[in-house]
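Scrolling down, you'll hit the structures one after another.
The same chain A turns up in both complexes below, where it pairs with chain B and then with chain C.
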Partner chain A sequence: MKRPRIVVGIKWVPNTQAVRFDPKTGTLIREGVPSIVNPHDLDAIELALKTREKYGGEIIVVTMAPPGAEEGLRHVIGMGVDRAILVSDRVFAGSDTLATSYTLAKTIERIGRVDLVFFGQETIDSSTAHIPAQVASWLDLPYIYYVESIEKLELKENKVVVKRKLEDRYEWYEVELPVVIGVAMHSNPPRPISLTNKLRAVTEKPIEVWTNKQLGLDPRCIGLRGSPTIVSKVTWQPEIPRKRKIYQGNPKEAVKWLIKHLEEEKVLP
Partner chain B sequence: MSKKKEVNCEELCPEWECTQPSEYSGIWVVGEIDETEETISEPSLQMLTPANYIASKLGVEVEGLLLGYDKELLEKAAHEMIYHGANRVRILTSNKLKPYIAEVYARIISQIVDKYKPEVVFFPATMKGRELAPYVANTLRAGITADCTQFDVDEKTGDVLMIRPPFAAILLAYIKTPTRRPQIGTARPNVFPKPPRDASRKGEILWEDEKEYKIPRPRTRLVRVEYMKREEIPIEKAEYIVSGGRGVGTLEGFKMLEELAELLGGVVAGSRKAVDLGLIPHDKQVGQTGKAVKAKLYIAVGISGAAQHVVGIRECRVVVAINKDPDAPIFKHADYGIVGDWREIVTELIKALRERTKKAS
Partner chain C sequence: MATKFDAIVVGAGPAGATAAYKLAEAGIKTLLVERGRGRGSKQVFGGRIYVTPVREVFPDVEKTAPIHRWVKREKISILHNSRILSLEYESPEKHSFTTYLTEFTSWIVDKAINAGAVYVDEVRVDSIVEEDGRITGIEAGGERIEASIVIDAEGVNRLLLEKLGLAERLSPEEVALGAKEVIKVGADKINERFGLEEDSGLAWLLVGEPTDYLPGGAFIYTNRDSVSIGVVVYLATAVKKAREEIYRLVEKLRLHPQLRQYWEDGDIIEYSAHLTIESGRRFMPRKLATSGLIVVGDAAGLLLNTGYTFRGVDYAVYSGYLAAEAAKKAFNLGDFSEETLRENYEKKLLGSFIAKDLRNHTGVEQIMHEVEFFEKYPVVAIDTARKLFELGYETPRIQEALRSSLKTHHINLLSFLYKMFKMVRKL
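Up next, the complex of A and B:
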């Protein structure tokens, strides 16, 4: 029987919670900030693992990142994925989402037969949610966002039924394979990593590193040159002016004070 | 404004069609039909605010684009866009556009944009818009910037500046696309106010001929829909919001906020910490990775006021903060702040509001 081949794209991101700001220089202090696997991508890994439990097959994780991302790949091998590919080369530096998605799409093409491509819904460092749609566009594949579960996978018929959640409704779609799927945030809380898997990550499963030697992409299409958008400057976010009136003291009096002001502002129902 | 230099086609990625920025002109807003409300969605109308601003700076006009299958509904939606500032609205209607499938819509939008060549295309970053816009951008090999909070024009070159908080919400990055057109940008709902409605405004409605476009065979089929029962208004539409953070701490604490919200005829929302703690669902999270809200009155209870949280309350009229730490940053983002234990203060506030309604009746 045919088994699904699943690719999951993950991003190695600075732990934005730990990033500090230097008010003197007006810059972000990134040194010493640890990186993590984008938390929303772990939902995608988890959905891939659940799919493999049910239908068998193989899970191949791909990330485009500097060499340090190996640590992130080991983490997901610890969760149980089968193969990990680190796409890493100086020439990819400075990619915006168009160039990133191009490089990822070409990587997926090189992997060969793939039935399902999973991504996280968005990243915590740039949160654009562009990559899944853009990869689908490069590969000319159908795509769908906000997916919570795979309801039915029929490889022989070449189709999958997925369930997704929008603001006010659940929707079920039948989609032709291969398909690119954006996995909904918080939809599939990741399992803990297992020590045996983690050990295997070091001994049995070397991380494959693909540079542009393997991919052979035109330098005009990747990195900075393949990125139409440029950051022209960075400034402080201006604050919205607020009245900043503060009351400190007895709660009853405080509430009286507040209601008086809210009545003046005419914002009470 | 000076004309941009010509793009050298030799230097361009061969997978991109070589076009010159000077061939493009005008600002477009892609409108979204709210199928449940049977009208144009609020966030689409909100995008007309930055569109009108950029158009006036560049001295060009604003055009809307609508796709769908219900002719009457689309025409009504087009009029709404005109009442809110569009000079003209293009409509493509076809039975093949039912139901909405992102890929199908995206491919047709790309064809229409490619035909008329607007220099800027805005999408509302609703759930649907976030799915649609990057596919359109990619098909056109255009630059796209998501979740902008401001837009402006680089006076020297005429490039649009797409301004968004990167990374940490304290900063703003100015992003531009000097060599590619159209320049595509999105903004989350409620980041911009809707322009005032003027039903006497006149504009043109242009019907596109479906035969001129290749409508792709859908590879995605909608098989079932189940609507969630919504007793409550979603937070992005609420006038009164009581928002709780980690300081509120427990589900039982959130029950109290519920009581306060009910008295105000409003809803409860929360910070990301509250979501992470399972005190409130993610669709009620306020902030950068949640929703922006535009309440008349926003009461932040036990919320520290992180930059990623307060970017979500910029459009609120009056902000009240209740926090036991007098140095909590939220007080800088509030109109009225009370320092103290939230439980005591909310208890008093509930009492006082009850008395107030009693007196009124």
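Up next, the complex of A and C:
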């Protein structure tokens, strides 16, 4: 019987929660901030693992990142992923979403037969949510996002039914394979690392590194040269200083006092 | 799972990493399991390591370890009422060094990996498996891995030993809480502000104001280009008497008007907190080995707090080394029984400088619990010094200055002298 091959794209990002704020200088302290697997991508890994539990098959994780990302790949192998590919080469540096998605699409093509391509909903460091849609475009595949679960997978008939979560409703889609799926954030809380899987990550070396030697992509389409995006300006939102007003007294008076102050500050109309 | 190991070490602190390295070096198939991410991410210490025992285990320590500065100046100070009374000591010898524990542990973990140990991070061991009165392996997330011998190096919060019935649950009386900040200042500024040479460092212990007059101590260590500052308070007294959270104490230390000049305009690059053992001797488990198991480092109660310095990391390294030696013997004999392991590990450890230190310093621990000692004596000392040094018309004799300070604080001279005598004897 045919088993599904699932590719999951993950991104290695700075842990924005560990980035601390220096109250004195008002700047962000980035030094020593460890990188992590984009948390929303772990939902995609989890959904892939659940799918494999039900239908069998193989899960291959792909990330385009500097060599340090191997740690993140070991993390998801520790969760149970079968193989990992680290797409890493100096020539990919400076990629915007277009160049990133192009490189990822070509990587996926090179993997061979793939039935499902999973991505996280968005990243915590750039949050464009461009990548999955762009990868789908490059590969000329359908793309469904905010997906919560795989309801039915029929490889023989070459189709899948997915459940999509929106603000006020659920939707079910039946689509032809292969398909690119953006997994809804918080929809599939990741399982913990398993000892034997983590051991496999360390002892069996299931991580391959692909450079542009393997991929052979046109230098005009990758890295800085392949990135038409121009960042013209970035500003930080100014911090609103706290008013540091504390009311002491009974609740009834306090409510009145609070409303009065909120009106004065034009928080309430 | 096909992989089998001869030895499993739980916890990659200085104790566990050393044990794993020495085992792997001897060709024993070793697994080192750590619950934190990466290397050393879960470990916290004040700032200095005594080199002599470490050198015996790692002869290359001076050449290859991540040494920040050699401690050539020791300083002990009482702070109160905008006054500082200090004792300072300087020596050209290299007896101890400052570093980041994370870096130091990584250095040992790397050695272990290079020697052939398998290192697995991000996995918390749930239990050490006991079958028919014998330790047979570990369990994590419902998965088991077997080994002939397990080395428990889980540190102060020894949940695994508790499960095995080899240690009691932690009680507040047994532990102290430490909190610390690392402030990046720059090497040149450190040299200039503390008056230090390129690679020489300062270990500074403070009582009084910085600990809010609670039993414990505050510390300042100079690293290569940063300063570690922190506070350690005894949990039992802190719970009863503390007026502020411990992190507030560290913040107050950082903002102290007479101290902040040293790290002015530096960046806080790390904040951490950790438990530590209060009395190593009382904390020691009934036995340090059972059939198939050896306990090392903090988990074995190997920590000394003399009131003016900490020793834990060098003890951890040394005990890890002794454990590996005992395990090697056990592999040679093919005998992992409790008798053999206790004979070759526990007996060696109890006969070593570590156990001698712990026995020798039990008295200090009692002093560390006398609230008076931290609440009133720093104040008396500063008051006396003030009377002696800040002269107006009259010039009091030392005795007069002391007497009148004691009187102001309602302390009886005799009881004071008796306590001082007792203290000197215990120190």
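Everything that follows uses one rule, which is that the second predicted complex is superposed on the first by the 226 of 269 C-alpha atoms of A that agree within 3 Å, B and C clash if a C-alpha of one lies under 4 Å from a C-alpha of the other, contacts with A are read in each partner's own complex, and residues count from 1 in each chain.
Just so we're on the same page, a residue touches a chain if its C-beta (ideal position, glycine included) is under 8 Å from a C-beta of that chain, and two chains touch if they have at least 3 such contacts.
Owing to the predicted nature of the structure, the values given are computational and were not obtained by experimental measurement.
Once chain A of one complex is fitted onto chain A of the other, the partner contacts of A:93 are absent, as it touches neither chain B nor chain C. In the superposed pair of complexes, A:75 makes contact with chain C only, with no contact to chain B.
With both structures placed on the common chain, the touch criterion links A:267 to chain B but leaves chain C unconnected. When both complexes are overlaid on chain A, the residue A:198 reaches chain C alone and has no touch with chain B. Counting the residues of chain A that each partner touches, chain B and chain C differ, and the larger count belongs to B.
Looking at the shared chain after the overlay, A:248 reaches chain B, while chain C stays out of its contact range. Shared contact residues of chain A with chain B and chain C: none.
Touching chain A in their complex are the following residues of chain C: 1, 3, 31, 33, 37-38, 118-123, 140-141, 143, 145, 184, 267-270.
Residues of chain A touching chain C in their complex: 20, 22, 25, 29, 31-32, 34, 71, 75, 78, 192-196, 198-199, 202-203. Taken in their complex, chain A has these residues touching chain B: 16, 19, 21, 28, 96-98, 101-102, 122, 124-134, 136-138, 142-146, 161, 166-176, 182, 185-186, 218, 220-221, 225-237, 239-240, 242-248, 251-252, 254-259, 261-262, 265, 267-269. Residue ranges on chain B touching chain A, taken from their complex, read 11-16, 36, 102-103, 106, 127-128, 130-135, 137-139, 141-147, 154, 161-162, 165-180, 219-228, 230, 234, 240, 264-265, 282-283, 288-289, 296-297, 307, 311, 314, 317-320, 326, 331-341, 344-345, 347-349, 351-353, 356.
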